[in-house]
Amino acid sequence: MTQIKQLAPQDDFVGFYLLRELAIKQTNGTPQKDYFDIVLGDSSGQLSAKFWDVTTTDKETFFPMALVKVQGTAHTYREKLQIKVSKMRLVIESDGVALTDFIRSAPIRPVDLIHTIKMVMASITDQEISTIVSFCVGKVEEKLMHYPAAKTHHHAYFAGLAYHMVRMLEIGEFLCKQRPFLNPDLMKAGIILHDIAKPEEMISQLGIVSEYSVHGKLIGHISMASNWITEAAIRSDIDLGSEKVLALQHLVLSHHNLGEWGSPVQPQTAEAVALHHIDAMDAKLQMVEDALDTTPETEEWTPFIRGLENKAVYRLKI
Amino acid sequence: MTQIKQLAPQDDFVGFYLLRELAIKQTNGTPQKDYFDIVLGDSSGQLSAKFWDVTTTDKETFFPMALVKVQGTAHTYREKLQIKVSKMRLVIESDGVALTDFIRSAPIRPVDLIHTIKMVMASITDQEISTIVSFCVGKVEEKLMHYPAAKTHHHAYFAGLAYHMVRMLEIGEFLCKQRPFLNPDLMKAGIILHDIAKPEEMISQLGIVSEYSVHGKLIGHISMASNWITEAAIRSDIDLGSEKVLALQHLVLSHHNLGEWGSPVQPQTAEAVALHHIDAMDAKLQMVEDALDTTPETEEWTPFIRGLENKAVYRLKI
Amino acid sequence: MTQIKQLAPQDDFVGFYLLRELAIKQTNGTPQKDYFDIVLGDSSGQLSAKFWDVTTTDKETFFPMALVKVQGTAHTYREKLQIKVSKMRLVIESDGVALTDFIRSAPIRPVDLIHTIKMVMASITDQEISTIVSFCVGKVEEKLMHYPAAKTHHHAYFAGLAYHMVRMLEIGEFLCKQRPFLNPDLMKAGIILHDIAKPEEMISQLGIVSEYSVHGKLIGHISMASNWITEAAIRSDIDLGSEKVLALQHLVLSHHNLGEWGSPVQPQTAEAVALHHIDAMDAKLQMVEDALDTTPETEEWTPFIRGLENKAVYRLKI
Amino acid sequence: MTQIKQLAPQDDFVGFYLLRELAIKQTNGTPQKDYFDIVLGDSSGQLSAKFWDVTTTDKETFFPMALVKVQGTAHTYREKLQIKVSKMRLVIESDGVALTDFIRSAPIRPVDLIHTIKMVMASITDQEISTIVSFCVGKVEEKLMHYPAAKTHHHAYFAGLAYHMVRMLEIGEFLCKQRPFLNPDLMKAGIILHDIAKPEEMISQLGIVSEYSVHGKLIGHISMASNWITEAAIRSDIDLGSEKVLALQHLVLSHHNLGEWGSPVQPQTAEAVALHHIDAMDAKLQMVEDALDTTPETEEWTPFIRGLENKAVYRLKI
Amino acid sequence: MTQIKQLAPQDDFVGFYLLRELAIKQTNGTPQKDYFDIVLGDSSGQLSAKFWDVTTTDKETFFPMALVKVQGTAHTYREKLQIKVSKMRLVIESDGVALTDFIRSAPIRPVDLIHTIKMVMASITDQEISTIVSFCVGKVEEKLMHYPAAKTHHHAYFAGLAYHMVRMLEIGEFLCKQRPFLNPDLMKAGIILHDIAKPEEMISQLGIVSEYSVHGKLIGHISMASNWITEAAIRSDIDLGSEKVLALQHLVLSHHNLGEWGSPVQPQTAEAVALHHIDAMDAKLQMVEDALDTTPETEEWTPFIRGLENKAVYRLKI
Amino acid sequence: MTQIKQLAPQDDFVGFYLLRELAIKQTNGTPQKDYFDIVLGDSSGQLSAKFWDVTTTDKETFFPMALVKVQGTAHTYREKLQIKVSKMRLVIESDGVALTDFIRSAPIRPVDLIHTIKMVMASITDQEISTIVSFCVGKVEEKLMHYPAAKTHHHAYFAGLAYHMVRMLEIGEFLCKQRPFLNPDLMKAGIILHDIAKPEEMISQLGIVSEYSVHGKLIGHISMASNWITEAAIRSDIDLGSEKVLALQHLVLSHHNLGEWGSPVQPQTAEAVALHHIDAMDAKLQMVEDALDTTPETEEWTPFIRGLENKAVYRLKI
């Protein structure tokens, strides 16, 4: 079974893959013929593919996000590797393959990530903060099992958002120990709430974001989360003007640090300053780790990474 | 009775003024003596003043925002006009002067401004939009009678915020007639709500903002208004996910147009684009009008105006 | 008769269209064959099209900006709708169609727009201002009947420039009533003159700008208009150093507001500040209106609009 | 006779100086006394000075830009050297000193600078270019004898503008030899015309700019020069649409290189690119030379220089 | 004994302080009198002070950085607290006070900080990396005992630089455990070397930076450290072209992340990305901690903090 | 023999060319066929070309950077000129053509450029400066014979770097004469050293840069040259802390002027300010000259030039 990441030019191969994208197109020339313009994926990566001379049956059989068995050849087209599909059929039960085997996932199981987040929530000592966090998490709990943290920027895979939270909670715990002037309850709540509205900002299946929602574009996850905190306080009879509601909303609103990055106010509490830096550190290091992971070991340089000033990362041989 | 705006170097004068600022300071030299460092104001403007050799009684008598009768001389100090106070006493009832005569005000009476706003609110045909607008206005109704629209930037005087609203409503009405694709209900609601939380963002008396509130700094008036709309919908059982709540929140959140000016999202509905331009047009033209009004007719140039790329405005002789 | 805007994938259709662009190209493969790479347009929009296997006669018959009768099929190519032309002939007299039916136009007839502009010009009371405006308008009067206001940015259609002027004159009239400190003569003159050199800055036919002129690139319409005012004053014996010439040149030179947007000086008179905001408001709202108009009613979002921070506009369902 | 540049703390001195600035002020304390707040200058630099306890006669005698004989002491006040004047009288004829001895001047005599400029003008071979240059120089010829090139930025002294032109003409001559694709007539004309309207942009006496003129602020020297070229062409019957007029206007309009530096168009001819770099090179190197010249030899660092990214220049000991 | 931080207006007090700054100045008025313009400091903060009517003996006795016993009064001058010194004498041995008691210091003893750094250095397993780090640390070892990390930005106190290193090493150790793809040797070396040339960039005594050195201004600590690594490799016969030298130089050169912040290259290795974020996180959080620490408990807001977008930090009451 | 620059659509031609790029690709359609995607170049320019239906022998015969004899046709493809190769063979000895005839070169022979540089080096009077310059030049002497000055930005051809040096040395010599306060030794050394590490920053053959080296990306030529100066001083026992080493390193480090352009420090010596402007002037004017040279005489405009604010240059007809 050949993994996408291992394919090289001129390889003939057979394997199971996910039809991440599928479009029916026509060739130029007379007569025009239909073909499939495809993106094939598995847990190691993805590649463009063409399936020429498709039949009417083919057009009725295959659909995006279907699992397929493919026989094909890899070749270079416009300096990129591409697949020419010679045979393709839908997966059948006896193939014994499951959808979740074919998508990129966080390295920890979603159920374990959620468990960790729940444990941290349970450790919040302040009752009102705890209530607000629970209310907001409750809004997206099911989606937290699989949503990515972003469309492409970082943690863009199955359960990426929960994974981002868990790693940030680890850094937050370390920092609260190193610097006792930070309030652990606020730190935990800030980390859990800062991106909590992302599942409503983006439309995603299997860790793949197809687009932003209307609310995502017109309100944005930062203001949505701020509104949820308001709602949580009202529904639970917590004083809207209290310092706790203020502190939580400030954490969420300021976590992008600058206006041009989407934050209407800048961090002005100790925990808000910490939250921004924990978020940035985790996001950037994960970009590096993921880029190195998905680049063949033989390559010295990863592709350019937009979130790192559009620089590539060099794989040191030390 | 001499107005501040009319004073010239070497003028001896007597008049009633407001002690906009008052600080007790010490002269250098031995022995140090106490004196008052004062800002005297009336409805035409304000000036720095000194009252030398103050007595213990003086220090117990005078206080900031007191009305006083002053005898003094104007002279130039470090290229600016300054007042040397020779005599000063508190205003007494028989003087027949009222505090409100001494502050800069919108050129229309607050009661009339509020009346106009109420009329426009009554003309909103959509019931849910009307309810949300009323709820938010209700939160600051009393303050709307006197709050300025900003600390110094524009409409920085008594009832400046209500005046800003009313003038914007006039422009909005014109635009809705000129361009029927704009929804008048949303336009009215957007104009009334866009700065509705400013009275909670700033701490102000008599049209003079002394500072920003803690909520103003940590949340900002834009996110506060967004939260109020959420609260209004919950309290009135309006669907939080409805297009109307979405449209109103988007209007408020986007009205500063750019992230670096404080808006977490950019205008993406027709009315939101219109709102930003109505707001900018009214604010900038009012800066010009106010600068020309408070600059002596004999001056060709107004002072530099921060909101106009820090340029002065030239008074054309046409 | 099928309008461009109404075509959907797999539609077979017959209709009259304008050959907005036409290029002869060669297919890859051996032997190479000639084909037409076409842009077909009508008043509702435009689409790419291919006409395969063209003959020598075809190459002699068809030319850009010709009106043609087309039989074809719509299909999707690289995620965009495209037309495959199966038959095409030039329009003949008996078809009863006119060129002007096939281009996008301002919603008001050019002759009416020019009439309105002339009426406003006649209402300028100052004789020297009136003379200068007339001289400058005289330079481009014929082109004002059909020139767009910009290449793609806004009002990019037949008579778009005159339409932009007329709508701005409406806003200007309203503002002069609302704020009597604005001088109506200068306001009218500023609006008419601010883009008056655009017809010399761009090369355009039928509302379609093909490119910028050499003078447009090396001088720009702002400095060209400033030079025209100089010329007008000299030719009419108006004092070059007068406050009126100064005011008009300042209006033109400053109307883009900032150096990075092309204005060598920033607005520093009341009317110049107003002009910039009238211009911005009309341009941006027209972008929104045109984008909504040319996007199918069934689409929630317009395409991205460069002049609106590259955002799309959402069509509210309220 | 002590030069300003040579004064050190605690020096008692007598000398002739120029009263570059003179303001009558009052001391704090009771009774207030009048004193003179003065800036004393000579050709080597300038210093703040105080003349305490001035009499009514003093106030009638002394005026800004008067030449005076001063007896005084230098001392340090707020970390800067300052002068305390003990005696002061107006210069009398028998003192044998002349105003021009007391101002900073270009190191070459104005008459020689003008001579050089005239020689270069005479060497322009194209008749129309020569005519336009002569017309524009004619507008400011008298002022060219003494105007500085800028208020403070660079060449801010007597005849600084003419000196800037002459040095640029030297660089231009060298470059035209090194790179024959540059047109010497355009190069010469561009250098002479690029700042030709500066004497109308600024109000200056004896090389000291007191402020910008109204035309300078509302039009700017770049657009003024462009208008002069238009006027020159009209008055001399040169075709306004000719390539020569175009080339000269482009040189002037683009010489600041970027919109944010005041140029409405960017350099797009070979000579325009050269002109910008000749201008920048001469201005920046002159800033360095002047800063080193007016800083005591014993100082390692010059003051901060605004035009050099606000850096100081280090005096290498090599 | 009154601490600077505890003084309030009108307090009379006696105490020991450090003369952080001392300048002899003259009063205005006749006759001018000498006085001392002073900055008094202790470990809790610093304040401006005046000592009027100083004698010749006073001027010979006192000097900057001297320890003094002061009797004085606190009062408000220009809205800031200031001290009027009534009596002052130099500290004598029997006072039993030591210079180091009067300066702000890192909360851990320098000797312990150096010990920790040495332990980490000893734990670097790669011999060549270890050698280079030792060579560079050797250059400034003595200064590392007391140098601050910056002039005012962050860790601006005695041994601030070593403290910054130690805290970063703690974060680095945590991150290497959390993310095993990071190389611990490079991480340790990068943290120790990134600011290692700061003691040569700044001139400092007792944790107070008086100015930048000539090398600091013309080369900068980043390039100085890069040159030291070159020198270390040459002196120890380590291959200048090796991946290890490359990795260390890249860590140092890129740690400011962006060109406008002084880094000639951007982070392009995993450890370089981590180093930048560890540095930023420690610096910003220390700014917050120090600002909260040196602001009286009764104040809600710290002063504005330049390194935090010039925002103040709010002291939450949770 | 047809030069690339002279080809027009529909031209049939025969000629010798360099295979600057060669890739084997497959056609779409069934069966897929191999073809060559080629870039053909000569000293006048370069063009894309296709060679259809290549055989196995062809694939073994041709390689990038081979010289070939080609028979082909020029045609327009996607609005750009392209070549269809009908016959192609490798050059044989009897053809009498040499590789160096087919690449773009500096207009002066490399050997003469190097000679000039050596003469200037010999004229440096200071022994230590001379030694350091020689050491650094020695590191890349062989590459200086052919390296370009940049990948595409400017002087991107055979010996472009040496040509850039020589022209800058001419400007530098002129400036040192015009302004005697500039030190000629430092000026010469700065010009020779400023880009001296570029041959190690880029990987280049025959004046064509294929990519940046790992050291080039992680260290950059500016810091590499600074390190080389350190190495030179150590190897030659020159005091690392001396003013000469400082001056040379500052020249190299600051020559890009701003942090965002890659300089960690800004120019702060007279020669460093001069160096930056000499570098900019030569680079920009060479871009203009080269663009005009390689654009057909019949074209009014050159292509857009990235280094000139992405503007095209207009070819004046004067």
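Some points to look at:
Letters A, B, C, D, E and F mark the chains in the order given here, with residues in each chain numbered from 1 onward.
One rule holds for everything that comes next: contacts are C-beta pairs under 8 Å (C-beta built on N, C-alpha and C of every residue); 3 or more make two chains touch, one makes a residue touch a chain.
This is a predicted model, so every value here is computed, not measured.
Touch-path distance (fewest steps) from chain A to chain D is 2. Mostly differing positions are employed by chain D and chain E in their mutual contact, as under half of the interface residue numbers are shared between these two copies. By residue number, over half of the touching pairs seen at A-C are also found at D-E, the match among D-F, E-F or D-E. If you average the Cα atoms of chain B and of chain E, the two centres end up 43 Å apart. Rounded to whole angstrom, the centroid-to-centroid distance between chain A and chain E, based on C-alpha atoms, equals 41 Å. Shared interface positions of chain A, defined as residues touching 2 or more other chains, are 29, 214, 217-218, 258, 268-269, 314.
Touching pairs of chains, sorted by label, consist of A-B, A-C, A-E, A-F, B-C, B-D, B-E, C-D, C-F, D-E, D-F, E-F. Residue ranges on chain B touching chain D, taken from their complex, read 27-29, 50, 52-53, 75-79, 84, 300, 314. Put simply, chain F touches chain D in their complex at residues 126, 167, 170-171, 174-175, 178-179, 181, 183, 185-186, 243-244, 247, 257-258, 266-271, 273-274, 277-278, 280-281, 284-285, 288-289, 292, 308-309, 311-314, 316-318. On chain A, the positions that touch chain C within their shared complex are 23-26, 28-30, 32, 214, 217-218. Chain D meets chain C in the complex at residues 214-215, 217-220, 222-223, 226-227, 230-231, 234-235, 240-241, 246, 249-250, 253-254, 258-265, 268-269.
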